[in-house]
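What follows is a set of structures to go through.
Both of the next two complexes hold subunit A, though its partner changes from subunit B to subunit C.
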Partner chain A sequence: MLAFCIRRIVQAAAVMLVVGLIAFALFRFVGDPVVFMLGQDATPEDRARMSADLGLDQPFHLQYARFVGRAVQGEFGLSLRQLRPVSTLFRERLPATLELALAAAVFALAVGIPMGVYAALRRRSWLTQVFLVVSLIGVSLPTFLIGILLILVFAVQLNWLPSFGRGETVALGAWSTGLLTASGLKALILPAITLGLFQMTLIMRLTRAEMLEVLRTEYIRFARARGLTDRAVYFRHALRNTLVPVITVAGLQLGSIIAFAIITETVFQWPGMGLLFIQSVMFADVPVMAAYLCLIALVFVVINFVVDLLYHAVDPRLRLENAAAR
Partner chain B sequence: MKAMLRRCIPGVLIFAAAVAADAATFRFANQGDALSMDPYMHNEAVLLSLTGNVYEALTGRGRKFETTPELATDWKQTAPTVWRFNLRKGVKFHDGSPFTADDVIFSFERARGEGSDVKVYVGAIKEIRKVDAHAVDIVTAEPFLILPQTVSRWYIVSKSWCEKNNAIRPADVRKGVENYASLHANGTGPFQLKSREPGVRTVFAANPEWWGKVEHNVTEAVFTPIGNDATRVAALISGEIDMMDPLPLQDVPRLQSNANLKVVQSPELRTIFLGMDQKRDELLFSNVKGKNPFKDVRVRRAFYQAIDIEAIRTRIMRGVSTPTGLMVAPDTQGFAPELNKRLPLDVEGARKLLAEAGFPNGFEVGMNCPNDRYVNDGEICQAIAAMLAKIGVKVNLVAESKSLFFPKVLARNVSFYLAGWTPASQDSHNVLFAVMSTPGEGAQGQFNGGAYSNPRVDELTRRIGAENDTAKRNAMIAEAFKIHQDEVGHIPLHQQPITWGMKKNIDMVQIPDNFQYLRWVTVK
Partner chain C sequence: MTRLAALVDSDLAWSFRHSPVAIVAAVVALACIVGAIGAPLLAPHDPFDLAKLDLLDAFAPPAWLAEGKTAFLFGADDQGRDVLSAILYGTRISLAVGVASVVLSMLLGTALGLIAGYAGGVIDAFIMRVADVQLSFPAILIALLVDGVTRIALPDAAHGGTAFWVIVLSIALSGWVQYARTVRGSTLVEARKEYVQAARVIGRHPLAIMFHHVLPNVTGPVLVIATIHLATAITTEATLSFLGVGMPPTTPSLGTLIRVGNDFLFSGEWWITVFPGAALVALVLSVNLLGDWLRDALNPRLR
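Up next is the complex of A and B:
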């Protein structure tokens, strides 16, 4: 088990390094931040000196090596755009993104699973048809369009919910939360739906398919033959077995919810990591972009690592395979 | 309360001019945030506009964009290179410390020192001498007629506050440490910085101790950056904000048809123009080999006359741009109204000119263009490409983000491009020096992406910089503009509009550099 963990950690570190390297290779194509850092009346000499002082004139692998050298010491430098430490910026922005991602995930699960179950049990009902159409829209419409449509209906036409921002926030130590105020909760609704809609439809379709699959199995027929009530059959036996793959997929999707929050955050001016990233790209703010990409890579790596560990714990066949391979 | 106020609008309207209406909160939004609260960190409009509510300079701008006394009550030239500025007495910074000549001298050292991005505003100043606690002599290296205008963007900071908070220098990325002044502010202005969450919310509170005459009724102002155009418009329509900038041109009719909203537009100081590489012997991006067509003035003139500026104005700019024949806007010092005439649109003539220059079938040229910097910049370039196609010129358009575009123009690795320029000093000399002079030492001609060069223009620019007589100075500016026009050094296009969307109950003054001063906001 220990060997497995170590091997996994080494692999994860390699993934992170490769992500960083590719990112730095791409940064050459996002432009030159020095143009924005110095005003329009700066001299070419000023620009050249700033570029040299920041090491931006060096080849990307050298810049990358310097970044890694400092990153392993927990030092990400200053944002070129705001001249504030990247770590501080992330600390300010992370709560917003995590709360949004969590709300979106809860929404996706809380709505997606019941819809999926219903659609599996009442296959011919009109409501099921409605659910399937909704899920088709959720899968096919791009996120920014869903966000704009929701703003149009609920903010502009109905005036029920705010169209942007996070509302009032409360500071709990270093964590600023919008979950404790009425305006914060109201502000969370539209972005969470926008971000979670795709995952919701995915979970609904998955639940439905799994449920249909399970309902065809022998033990369900057996349960019926024993004269159990529908309720017991559906919810005690079928649903439980359905949920195993659903939860696995939902867990894996959490990473992509955090990563794809970029678009939702841009549309709703949600002050999270994604918005910070987009603003940084427009400024070619290399330290922030690099740290963000590494952080997202880390999120995916950690989630996959945890899932691997769980599988390993749950499924004895994996252990046997490993033993055989050795 | 808001709804009640709105119902009372007609009543309030009558008294608004005489009596400041009830205390009010004013919420405004921009597409971007100020990158710092330190007015020396970036020489950039949003930053200087926002911090301009907190900080003040020796001179300021009035409602008509005229130069007004601010922290200096008056000034006069005591010698060709010496200006006496008398400072306002009894002014206090927000932290309670008094404003004196020492703060001016400290601010000068800070503005011209390491890490400052506003060196351009104090660049002409050689030294500042303290006369007494409330008077200074500003000594320039050469006679510098426009000193009072130029220092209006150089805000005065408090010496004691900067020293106490270890902010003697602005934040410097190379030092790798945060700076107190990036998040806090201590000025003498009509508003105090109450709270600052970068990228989220900046709150200003009216300064009850302000020295000036209060012409606003704002007690609290909340600034929010909203990057997405559609979201910003939605926030205004749904009533979550009172005012926003910029309003996308396509949304203008929609707001105008709304009974609660209004659109306020006026021309900006920035002039949008086209540049052409006139230096290289062979263009970087063209199918013409062995020679550079843009070296021939007939080709440049043909390009100029092929452009239908009216079509751009009516179709792309929705009727609100101001076509220009000069490289400066009307509110710029030295603007020569008699020269502000464009070459007429003449497609036939343009074709003839091209043929005379040896390109009867036109040629191919690459064009560089930003697509997120100026109002509808990408669309303008597409239209120009289509217009040039009519005279046989095939334009290969590269429209890209400003972070990719500007490095190319600054390195002059372009053949044909669109750009814009606002003279930071609001004076023609800055345009002549940075955009129209031969690229040379320091910042001379540094934004002259096509390396247009005429020795007489260079000579005039040098002399304009040191001329002390307004009439002579304006005559030289006009002469330089005329030469540049005759030679089609650049092709000026238009001044783009400043477009604000706001609620009907807001009164606010729009000035051509698009600074948004809270001291002129009335919420009715």
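Up next is the complex of A and C:
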């Protein structure tokens, strides 16, 4: 177990170093940072001095080491567009994105699992057919189009819910939350549904497939033979075993939710990190792009690492395979 | 003639005739393709000819509404451009980006997969590690990053022709992994067979073996992936354009049209957004369904 952990940590660190290298190359070679800072008409002497100040005259590997050292401490320099530290910008934007991602994940699980269970238990019901058609549409529609349609119906036509922004927020220390005010909660509904719909259809299909699989196994037949009620068989025996893979996939999807938040945040002008990133792409704000790249890579690496560890802890067969491989 | 007869008689054609979903999807997809290719002939107006635009036509609602004008079936946008014509030209651009990026992705992925599977060893390990790492990130994120980097590196990347290739490159680089993995898997199987060993014995060049002998035997699954990837590529292009880092408003794709129309959603001019959106859904959904059907039809195990 320890050897497995160490190997995975080394792999994760290698991935992060490579992503860091890409981010650094972006930083260093795509557009000249000295020109960015001094403007086009600085004298050669000024440029040379600036280069020396920034450490740009040092060898490549030393510069990279310095970049990594600062990145580990969360320092990515100044945003070229807003002239403020990237770390401060991220700290301001992080709560919005995390709250949105969390709400979307809760929506996907709370709606997707019951729908999947129903579709598995009542295979021939018309409602099941409706669910399946909805899931097909949910998979095919681009995220931004779902957002636009929801805005058109619930914000423009019915005027029930706001279509942009976070509503009122309350500051809890450094964390500004929209979950404690009525307008904040109302503003969260449409973006959360938009972001969670794809994951919801995925979870529904997976729950249905797993449930159908589990219902065919021996222990379910045995539970029936013992004379347990349908209710006990379905929800106490079958559902529990269905949920293991569903939760795993949901965990793996958490990273995608944060990535797809870029689109949802643009549609709803949600002041999170995705919106910050898209603006940095449009305005060639390299430090913000590089930092976002590193941060999202970290999120994915951590999620994959945790899921691997959990698999390893839950499934003894994997341990055997690893032992045999060695 | 015999070839045609054989085609009509084949398993694939039988499966097609007995799948109403596939037939409907094929008709819709074909309509989109014909509309896209024939846009200059079919479109009632030329949306790019500034001289013919009349600002008095701006915001004309669809023809069947009270204030609609018969000349503008799906209404007109803020500059008096016919929405239907813009959709036809937009579909043309969306499809062109989609097809170009799928082809590029397919070439890249197939070549890398062949090399990885046939060469083995360090080369294989390297290519597949890169693929693994890339696969753990969503494709749209990779496309956004490539797009962003190219935009910074090329100052005129936001304009017409360059923008087209920047997007094609972004989508192609975000999608090659699936081809590479599939082709590598089949190559590993094929490389052990006698005909490959025979070719090796008579001293053919490894590249010739890869591309003349192995390649024709591993293309089946690649076509299925390509069909499904086309739907994804069109969606990705639309998403990039909607986010404002895709096709520019001067040569709008469906995604750009939706982005432009989105500004008028709140003032009630819904048709500028909704019709391009519907066209996009029809295109993506039909290609997706065709891909699903093709995958099931070519895979006897699923029957």
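Note that in this section the second predicted complex is superposed on the first by the 267 of 326 C-alpha atoms of A that agree within 3 Å, B and C clash if a C-alpha of one lies under 4 Å from a C-alpha of the other, contacts with A are read in each partner's own complex, and residues count from 1 in each chain.
Just so we're on the same page, a contact is a pair of C-beta atoms (placed from the backbone, for glycine too) under 8 Å apart; a residue touches a chain by one contact, two chains touch by 3 or more.
What you see is a predicted model, and the numbers here were worked out from it, not measured in a lab.
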Touching partner for A:266 - first (subunit B), second (subunit C), both, neither: both
Which partner, subunit B or subunit C, touches more subunit A residues: B
Touching partner for A:282 - first (subunit B), second (subunit C), both, neither: both
First (subunit B), second (subunit C), both or neither touched by A:151: both
Partner chain(s) touched by A:256 [first = subunit B, second = subunit C, both, neither]: second
Touching partner for A:143 - first (subunit B), second (subunit C), both, neither: second
Partner chain(s) touched by A:73 [first = subunit B, second = subunit C, both, neither]: neither
First (subunit B), second (subunit C), both or neither touched by A:18: second
Which of subunit B and subunit C A:300 touches, first, second, both or neither: second
Where subunit A meets both subunit C and subunit B, residue numbers: 30-31, 148, 151-152, 156, 163, 266, 278, 282, 284
Complex contacts: residues of subunit C adjacent to subunit A: 133, 136-138, 140-141, 144-145, 147-149, 151-153, 231, 235, 238-239, 242-245, 258, 262, 265-266, 268, 270, 273-274, 277, 280-281, 284-285, 288
Subunit A residues within the subunit B interface of the complex: 29-33, 35-45, 47, 53-54, 77-78, 80-85, 88-89, 92, 148, 151-152, 155-156, 159, 162-166, 266-269, 271, 275-276, 278-279, 282-284
Contact footprint of subunit A on subunit B as seen in their complex: 35-36, 41-44, 117-120, 171-174, 176-179, 182-183, 197-201, 224-228, 230-232, 234-235, 237-240, 372, 401-407, 410, 421-422, 424, 430, 434, 442-443, 446-447
Touching residues (chain side subunit A, partner subunit C) in the complex: 15, 18, 26, 30-31, 137, 139-145, 148-149, 151-152, 156, 163, 255-256, 259-260, 262-263, 266, 277-278, 280-282, 284, 286, 289, 293, 296-297, 300-301, 304
